[in-house]
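One chain, subunit A, links the two complexes that follow: it is found with subunit B in the first and with subunit C in the second.
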Partner chain A sequence: MRARWLLPMGAGAAAVAQVAHAVQYLTVEQAQRAAFANAAAFVPVAVDIDTAAIGAPAGWKPLMWRVQGDAGALGWFFEDAVVGKSELITYTLALDASGKITDLEILDYRESHGGEVRLAAWRNQFKAKSATDPVALDRDIRNISGATLSCRHLTEGVHRLLQLYAHVLAAKP
Partner chain B sequence: MNGIRRARPWLGTIVEIGVDGMQATPAMRAIEAAFAEVAIVHRLMGFHAEDGDLARLRRARAGECVRVNARTHEVLAWSLRIAQVSAGAFDPCVATMQVARGVLPLPKSAVVPDASASWRDIELLEGERVRLRRPLWIDLGGIAKGYAVDRAIEVLCAHGATQACVNAGGDVRVCGTQAQRIDLRTADGRIHPALEIVDGAVATSCSDGAQHLHGASRDAVAGGITASVIAERCIVADALTKVVLAGGMAARTALQAFAAQAWRHDDRGGWQAFGIAA
Partner chain C sequence: MKHRLLALAIAAWGASLAMPAHADDAALKAEVEALRAEVAELKAQVQQMHAVQVAPAAAAVAQAAPPAPAATPPAAPNPGRSMADAATGNATSLWGYGQLDYNRPTARAADARADLTRAVLGFNHEFNETTRVYGELEWEHAIASADDAGESEVEQLFVEHALSPNYGVRVGLMLVPIGLLNEHHEPTQFYGVERNFVEQAIIPSTWREGGVAGYGTTDSGFQWDLGVVTSPDLGKWDPTSLDGRESPLGSIHQELQLSKAHDLSIWARLNWLGVPGLNIGGAVFAGKIGQDTSKQFEGDANFPADNSRLLVGEAHVRWQSGPWDFTALYTRGSISDTQDLNLSFLGQPTPVPKSFWGGYAQGAWRALEWNQSSLVPFLRYEAFNTGAAYASLPQGFEIPALPTQRVWTAGVNYYLTPNVVFKFDYQDFRYDDPALNYGNRFDLGLGFQF
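Let's look at the complex of A and B:
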C-alpha cells in the first residue's frame, strides 16, 4: 500500500464525502441488452399518467418500453431519474411479464457517496417485489435512518414506477 | 479508470465497482460476481434484516451457541480485534443505545438486551459459532461496509482483474499497480483531489448529527469532525474512522497497530495528520 495525501494541512473546508466524478456507467441501450438478452424489440410506450393517483410529482414522465421476444412479451423496461443530494441519478428498471423486478441499474450520477451510511436492508427487498405488494416507504421497503439521500430517492423512484405499472401498464393488452 | 464500471444500490448506499484492462465479457463476469458477494454481505449483516445473522444473534439467550456464516464470523473477529486495540472505542454493541437514541430502528426481538453488555461479552468459537455471555444487540454498520468492499476486491481478483476499484458510500479500496486518485467533496459543494493511493483502502466518516457514540464511554462524539483513514484493508479503514472520531490516545494506538494513517478535520484546526509518526 502506498498513499499520498493531497489536501493542504491546516485550515480548509471539511470533506463531507468521497465522490466519483460525473460518470456514465451504461447507456440505455446497454442496460436494455443487459436486462433482456433475448429481446427481439423494445417498443416505446406512451401513456397519459395520472400523477396524482400514483403519488408522483406533476409532469413526471419516465420513459417506458414494452419488451418483446420471439415468442411473446418478455416484460417492461423503464428509464427514470431521481435527484440525489443535488444532482440527477438516471436509472433503469426491468420488470418481467408478471411485473416482478428483475434488474435495477444506475446509468449515471454525480451524487456524493455519503459519509455516514449504515447497513440497510435495501435492494434485496425489491427483488421479486411487484406492485401488488405494499411498497410504502415506511412499511415494506424500510426508510432507514442513515441510508443516503440518493438511496432513499431511488427507493421512492422504484415505488413510483411499480405504481405506474400496476395502475396503467398491467391493464394494457 | 477507463475500464468498465457499474453502480447499483446496496448497503444503504450506492456501490460502484470498476475494473480496468480486461475484455468486456470477463470484466462483466467479474463485476457481477463482486456485486453478488456484496449482496450476500448485505443480507447477512444488515441490522434491520430479520432473517440475517444479526437477527439470529439478537434472539440468542445468554450462553447459547449460534452458528453464523463464515463471513459474519470473520467480521465479528475483526470487530473484536479492533475493539481490543482501541480499548473499546469501537464497539459493535452500542446498537442497544443507538436504538434507544433513535439512530437505529427498533428490531423485533423477544430477548431484551443487557444495556451494559459490550464487545467483551461476544465469544467466538470454532466452527463459525458465536456465544453471547449476555443478551446483546450487534450492529456491524460501522465495519461491514468495509468488509463488503474487501470481499468485492477479492472476488474481482479471483476473476482475473488486476486493476480494480470498489467504492461503497465512501469506503474505497483499490488494487493494482496504478495510483488512483480519491476526491473529497466539501460542504460548499466543491470537489478536491484528496488522496493518491496504490493497493490500499480509504474510508471517511463525519460526526455530524451526533450519530456516533464512543464505544467505551457511550458518550456522543462531538459533531463537526471528519476522519479519513487509510489502511491496507477497507474493513480496518472503515472501523478505524469511528475510533479516530472518538479521538484520544486509543485512536493513536489503534492506528499504529494496523499500520494505518489518518487525517482529521475540524473547524478549528482544519486538516491534520492524526497519529502519524513524523
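Let's look at the complex of A and C:
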C-alpha cells in the first residue's frame, strides 16, 4: 500500500475541474446593473481632482458615472483599484442620490491570499455609510483576520471615493 | 485500508469540484447567450448616449477635463490591472518584510543578543488572469554560510490557478494552513517581539510542505483548504539534540529539502468568517511519518517506526472589533508507534513524545491613535508542553512527562505606520531552561512589511 499515486490523482482532479470551469468575474456593466436595476443611463463624468485636498495620491483618477433614472438622478457609480498586498484589487462603489453607499463589489482579486474581502458579510458593512462616517478599519469597519492589508486598503479606497463625492461631485448639478 | 479512505476522500473532492459544473453547463450556456445579447444592446445604448450626452455633461462640470479617458466605457470585462499589465508588461510585483530583535534575559545579562532575525523578499508573477506563481525567499540571522549561524531558505514557492473567483488549486511548496500565525507571520501581524511559543513549539514556525492543495471561500463565509502534501520524516529525529524538545515537529519537518516522500499527509482547514471581525475555525494535519526508513537505500535497516503516524489538530477564535483584538488558540499533536524507537534511544536526552500540546489567550487594545500611528498594549498567557506523554516502556524505563511551560507576555506594539512597528515586551516564564532559551527577559524589536 503506497500513497505516491495520490499526487497525480490530486493533479488529475484539478485538471478535470479546470476543464469544467471558466473563471467568471463580474463585469463593470453587470456591477452597474446590480447596483441600479432601474437606471436609464450611466453618464461618464470627468473632473479635475485636487488630490491633495482629499488626501489621495497624486494622479489618482477613478472612473465615475452619474446615474440617471427616468425621473431624475439616482446616484453615482465609481470604478477604482487599490493595491491589496502587492496586486491591484479592482472594485466598484455605488452611491445613492444623497451620497450613501448602496453597493460595493469586487471585480477582480488577483492575490494569493486575502480574497476574503469578497465575502458579502464584509462588504455589507459599508452599506449606508457616507462621507460623514469615519469609514476606517478597526473603527466602523471590522477586519478579516488574515486579510488585513486588503481590508485596510479597500477601506481607504472607499473613504477616498466618499471624500471625492463630498468635495467635488455633491456640489454638481 | 487507510490509504483507500484517503484516495476516496481525494476522489470525492475532485468530483465535487467537477460535478456542479457539468450540471450547470446548459444553464450557463443559456445565461451566457442572454448576457451577450444584453451586452450588445447596452453597448449600442452607451454609444448613443455617449454621442448625445457627453458634451452637455462635460459642459455642466465647471473644471471639465478632456472627457476622453473617463468617457470611454470600459471595453474589457476587467479593466484596471489586466489592461495595465498588458500595456506595461508589469505582471511581476515584489513585497517583503524584515524583523530585528534584541533579547535580554534578566538573570543572565551575558546572554543578551541582538539579531537581524529575518529579511524576506517575496514575489508574485501573473502568467495570465487566473494563473500566477507566488514565492517567498528568506534569510535568517543576517549571514548564511558554512561557517555562520544563518539560514537561507525558500519559504513558499507555488503555482496557483484560480478555477473561479471563489476557489482554486495550488501546487508547490506551501505554508500549512493551521493556526493564526503560520500563514501570516509578518512582524506587523503579531503582538510581541517574538512569535508566540505555542505556534513555534507545537505548530512549527513556519511549517511548509510540498504538494497539491485546493482552497476557497463560500458566500456564507466559510474558508476551506484541503491538501495532499509531503509528511515530516521521523527518521530525522535526533535523540542527542534538544531540537525535538524545543519543537517536536520543527525538528522533523522537511521543508521540501530532498524530502522523503514515501509517506504523504493531508491537511484540512475550515474557518468561518461570516461575521466581520470574527474568525472561528480549526485545522487538521494527518499522515504517516515513518517514511519506510528501514527500507530506504541509505536508511537505517533497524528503524522500528516505519508505520508511525502523526495527527495534529488545532482550533482558534479571534474577535476584532473597534480597538479590541482577542484571540484564543489550542493545539494538540500525537505521534504513534514510538515505543520501540524510544527503546533504541534509551540513555539519550530527547525521546519522541506520544503527545504534545499548547494553548494561549491574548488580548490587545489600541489605546492611542494619531495620524497613521497607534499604540497597542497587549497581554498574552501561554501554556505548552512538547513532551506531555511518552509511549509506555517496560517497568524501570518509563519516560516521565516534561513539565508544562507557562509564559506571561506583556508589552506594547507601537505602529509608526500600519506597516512599520516598534515592539517592546517582558516575558515571565514558569521555569528557566537556558538551553531552550526559556527564562524571564526583556525584548525589543523592529518589524516592517511592504
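In the analysis below, the second predicted complex is superposed on the first by the 123 of 173 C-alpha atoms of A that agree within 3 Å, B and C clash if a C-alpha of one lies under 4 Å from a C-alpha of the other, contacts with A are read in each partner's own complex, and residues count from 1 in each chain.
One rule holds in what follows: a residue touches a chain if its C-beta (ideal position, glycine included) is under 8 Å from a C-beta of that chain, and two chains touch if they have at least 3 such contacts.
Everything quoted here is computed from the prediction, not taken from an experiment.
**Student:** Could you tell me if A:E105 is touching subunit B, subunit C, both of them or neither one (first, second, both, neither)?
**Tutor:** In the superposed model, A:E105 contacts subunit B only, not subunit C.
**Student:** Which one hits more subunit A residues, subunit B or subunit C?
**Tutor:** Comparing touch counts on subunit A for subunit B and subunit C gives C.
**Student:** Please indicate which partner A:H167 is in contact with in the superposed arrangement: first for subunit B, second for subunit C, both, or neither.
**Tutor:** neither
**Student:** May I ask you to decide whether A:Y25 touches subunit B, subunit C, both, or neither, giving the answer as first, second, both or neither?
**Tutor:** both
**Student:** For A:S150, using the defined touch cut-off, is the partner it touches subunit B, subunit C, both, or neither? Pick first, second, both or neither.
**Tutor:** first
**Student:** Of the two partner chains, subunit B (first) and subunit C (second), which one does A:D48 touch, if any: first, second, both, or neither?
**Tutor:** A:D48: touches subunit C, not subunit B.
**Student:** Following superposition on chain A, which residues of subunit A contact subunit B and also contact subunit C?
**Tutor:** In the superposed arrangement, which is not itself an observed complex, subunit A uses residues 1-4, 6-7, 9-14, 16-18, 20-21, 23, 25, 86, 109, 111-113, 115-116, 118-122, 142, 144-146, 148 for both subunit B and subunit C.
**Student:** Which residues of subunit A touch subunit C in their complex?
**Tutor:** Touch list, subunit A to subunit C: 1-4, 6-7, 9-14, 16-18, 20-21, 23-25, 27-29, 41-48, 61, 63-64, 66, 79, 81, 85-88, 90, 107-113, 115-116, 118-122, 125, 138-139, 141-146, 148, 152, 172-173.
**Student:** Subunit A touches which residues of subunit B in the complex?
**Tutor:** My answer: residues 5-14, 16, 39, 42-43, 45-49, 52, 102-105, 139-142, 144-145, 167-170, 172, 179, 181-202, 204-206, 208-209, 211, 224, 226, 228, 230-232, 261, 263, 265-267, 269-273.
**Student:** Please give the residue numbers of subunit A that touch subunit B in the complex, ascending.
**Tutor:** 1-21, 23, 25-26, 86, 89, 104-106, 109, 111-124, 142, 144-148, 150-151, 154
**Student:** Which subunit C residues qualify as touching subunit A in the complex?
**Tutor:** 1, 3, 6-7, 10-11, 13-15, 17-18, 21-22, 39, 42, 45-46, 49-50, 53-54, 57-58, 60-61, 63-67, 69-74, 77-82, 84, 93-95, 122, 124, 126, 129-130, 132, 134, 160-166, 169-171, 180, 183-184, 189, 211-212, 214, 217, 219, 221, 223, 228, 261-264, 273-277, 279, 288, 318, 320-323, 366, 418
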